[in-house]
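Read through the structures below before going on.
In what comes next, chain A is part of two complexes: it sits with chain B in the first one and with chain C in the second one.
Moving on to the complex of A and B:
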């Protein structure tokens, strides 16, 4: 998909998708929070919710969902908040999110992973 | 221009054990090779997306869909590396220009560290980004993406960027996987040094 798809998005559609909300503060979702479906999409669900639940059968980051759905990150966070609030999806939060500089043990694991590339 | 990675899959599901996302951001001016570097090491074809912020109404819950509203929109690319069963590294290519920094905290809070990718023909493009990173206290290294012919040695680059002695400066060829990988290792080595120093002085 092309990022222009998002920029050219009809604002009315974004408004409808999010039910008019512009902020999602509920779950501290990060770009790299991994989302996992906890249930199959129910009949009659909002189409974006259905797509998210299908994609998140495998753990999928917020930013990959944003790209896949061609929706801005903040809009995806609002959609995810609905799903998490109702137990239809769960979030795996980054362990280093609160700390600007992780401990050496964590960084050593990152180095081991990079050296294997 | 690209190396061997045009056959990368666009979607490739993560393992079910994936649990811990990690962020590294590559910042640089237009055309400096950010996406090329992401592509060189990513296990998926680089993707792009956008974030928007209402300029006047930041933090205020109204009017997100109003057509007359002024919004800041920034596009960015990203790729992905599975480090082990649990840890997934996301690499973001971010433009260094001024308006982008409105969204820095919203997008990249908690970033492990930053690679500032520079082109010696346009070093001034990096000044603003370096200034902002120092201001934020975000750890970073600088990588010079080599475009032939080389006009400056790294010492000249360090002076021109007014880099403090503690900030690593390395050469790279963003098109080559090994080289891009070495840049990431240099960054995480630097973070490790900083973290070890902190642990040694409680």
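Moving on to the complex of A and C:
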């Protein structure tokens, strides 16, 4: 076990962040789904929602949000479900992107570059 | 009286001897007179008169003896009476003195001794300090009472210390378990999360119970926060420690935070008040929490739709949370500890707790956190949300092993468990990317790279369609 730094901890338990839910239903969110905020954060809303909406002014993946908010991906998905259900954010699935596939040669370069890291 | 009895026999003896001498003297005088009278008589008369004279002389002697004895007895009796009277006076005086001494003992000496014992002084110390009564019986009473009270105090202190110690251990265990659970929640699968959250919830409630016992026994709350805790986190931290947190609705737009050293206690007090509100209202009713920032602090109102409290119960509750009356352990009912805990915490941090009827039908509890515990929240800068300016502490929160930087020719090693933290490391490149306007697909590719490294599959070509070859690195 790699215990978290006690000084960094917050008193909020995750079930209070999600309101007792432990599973995100619908929307088929996965790690690389891009989230874009559709509205500015409203006053008085949950701080995680506010942060997500601010971060997602640029499209941001679920996994990036998870690391930004320091919350498990499952919890971020639940929070995103709330936002998407109320129309404050929208999800863009990778498969929906109409961009052409990149050059194979370039991908190979990337792979080599990655291996050199 | 008793000391006179030994003086009596010689006295009587002396008076008896005096009586005999007096009687003899009277007999001699009478005998002499009669002898003169008899000498003047004729021989015939002399016999009769001599007999009569002898008889009267003997009678006189007897009478004188009896009279002298009686008068001596009378004098002795008078003396006795005088002495008895004086003795009575002295006894009365002693009785008054004893009564005064007893009053002094009961009204001053004993209370002072009990106060000193409650402060922790030993029986011997207290007995050396207090004024001792002169009366032996009173002294024994004082000694016995002081020893008994000291014994009771020692027993109470030992029981309290044992409770505080046990509570402290449970606190430490639950804090540790909660930290471990949070780590596990970070890396568990979606299916496991629900189970972990349930254990987390139970552990948090265990921690609250231990905190309550610790507070009542005079120990400290579970932990200290080293930073101010935002009002939202304080409320959620409190909610997380009660069973029916899902019935709690929070209405807050507070921009304040509670100072770290007091945050735990405020949370604990709020948790106890919320627990009361959810327990004493119907399971279908919601409990509403309103947070307001006022000029003299933050006010948190907890309103339930329960049955309310009878005047007697309300008076007891108000006494329990009053900031003037200290906690009286003897008043604890054994089952309802919540308000006593709130009272302890309120007195510690000068929180103000009021009860009033709620517009929802039940009770509204108002908790005011005074200004000295409130700090405004430092608004996080969000000019360009993703490209935060200080990625360095996030990039390397746990220093890797010494070998990681020792030899630059080797491949970098990724320490186990640092994957999640490392996910924020690409923030550094983001800084450089920030200058160049970048198409949407580039960021998508960045996200994709991170997700691949998270899943733990460093090799393999990307499956999703990445794009924008020119600025992908």
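Here, the second predicted complex is superposed on the first by the 83 of 117 C-alpha atoms of A that agree within 3 Å, B and C clash if a C-alpha of one lies under 4 Å from a C-alpha of the other, contacts with A are read in each partner's own complex, and residues count from 1 in each chain.
Keep in mind that, in the parts below, contacts are C-beta pairs under 8 Å (C-beta built on N, C-alpha and C of every residue); 3 or more make two chains touch, one makes a residue touch a chain.
Since this is a predicted model, take the numbers as computed values, not measurements.
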{"item": "Touched partner set for A:72, first chain B, second chain C, both or neither", "value": "both"}
{"item": "Touched partner set for A:19, first chain B, second chain C, both or neither", "value": "second"}
{"item": "Touched partner set for A:63, first chain B, second chain C, both or neither", "value": "both"}
{"item": "Partner chain in contact with A:112 - chain B first, chain C second, else both or neither", "value": "first"}
{"item": "Chain B versus chain C as contact partner of A:90, first or second or both or neither", "value": "neither"}
{"item": "Touching partner for A:54 - first (chain B), second (chain C), both, neither", "value": "second"}
{"item": "Chain B versus chain C as contact partner of A:34, first or second or both or neither", "value": "both"}
{"item": "Contacts on chain A seen with chain B and repeated with chain C across the two complexes", "value": "1-3, 6-7, 11-12, 14-15, 18, 20, 22-23, 31-32, 34, 58-61, 63-64, 66-68, 72, 74, 94-95, 97, 99-103, 107, 110-111, 113-114, 117"}
{"item": "Interface residues, chain A side, partner chain C - complex", "value": "1-20, 22-24, 31-32, 34, 43-44, 46-47, 51, 54-61, 63-64, 66-68, 72, 74-75, 77, 94-95, 97, 99-103, 106-107, 110-111, 113-114, 117"}
{"item": "Contact set on chain A toward chain B in their complex", "value": "1-3, 6-7, 11-12, 14-15, 18, 20-23, 30-34, 58-61, 63-64, 66-68, 70, 72-74, 92, 94-104, 107-115, 117"}
{"item": "Interfacial residue positions of chain C with respect to chain A in the complex", "value": "178-180, 182-190, 193-194, 197, 200-201, 204, 225-227, 229-230, 232-234, 236-237, 239-240, 245-246, 251-253, 263-264, 267, 380, 382, 385-386, 397-398, 411-412, 416-418, 420-421, 423-424, 440-441, 443-444, 446-448, 450-451, 454-455, 458-459, 461-462, 464-469, 472-473"}
{"item": "Sites on chain B touched by chain A in the complex", "value": "11, 13-16, 18-23, 41, 47-54, 57, 59, 61-67, 73, 75, 78, 80-84, 87-90, 92, 106-110, 112, 137-139, 177, 181, 184-185, 188-189, 191-192, 194-196, 198-199"}
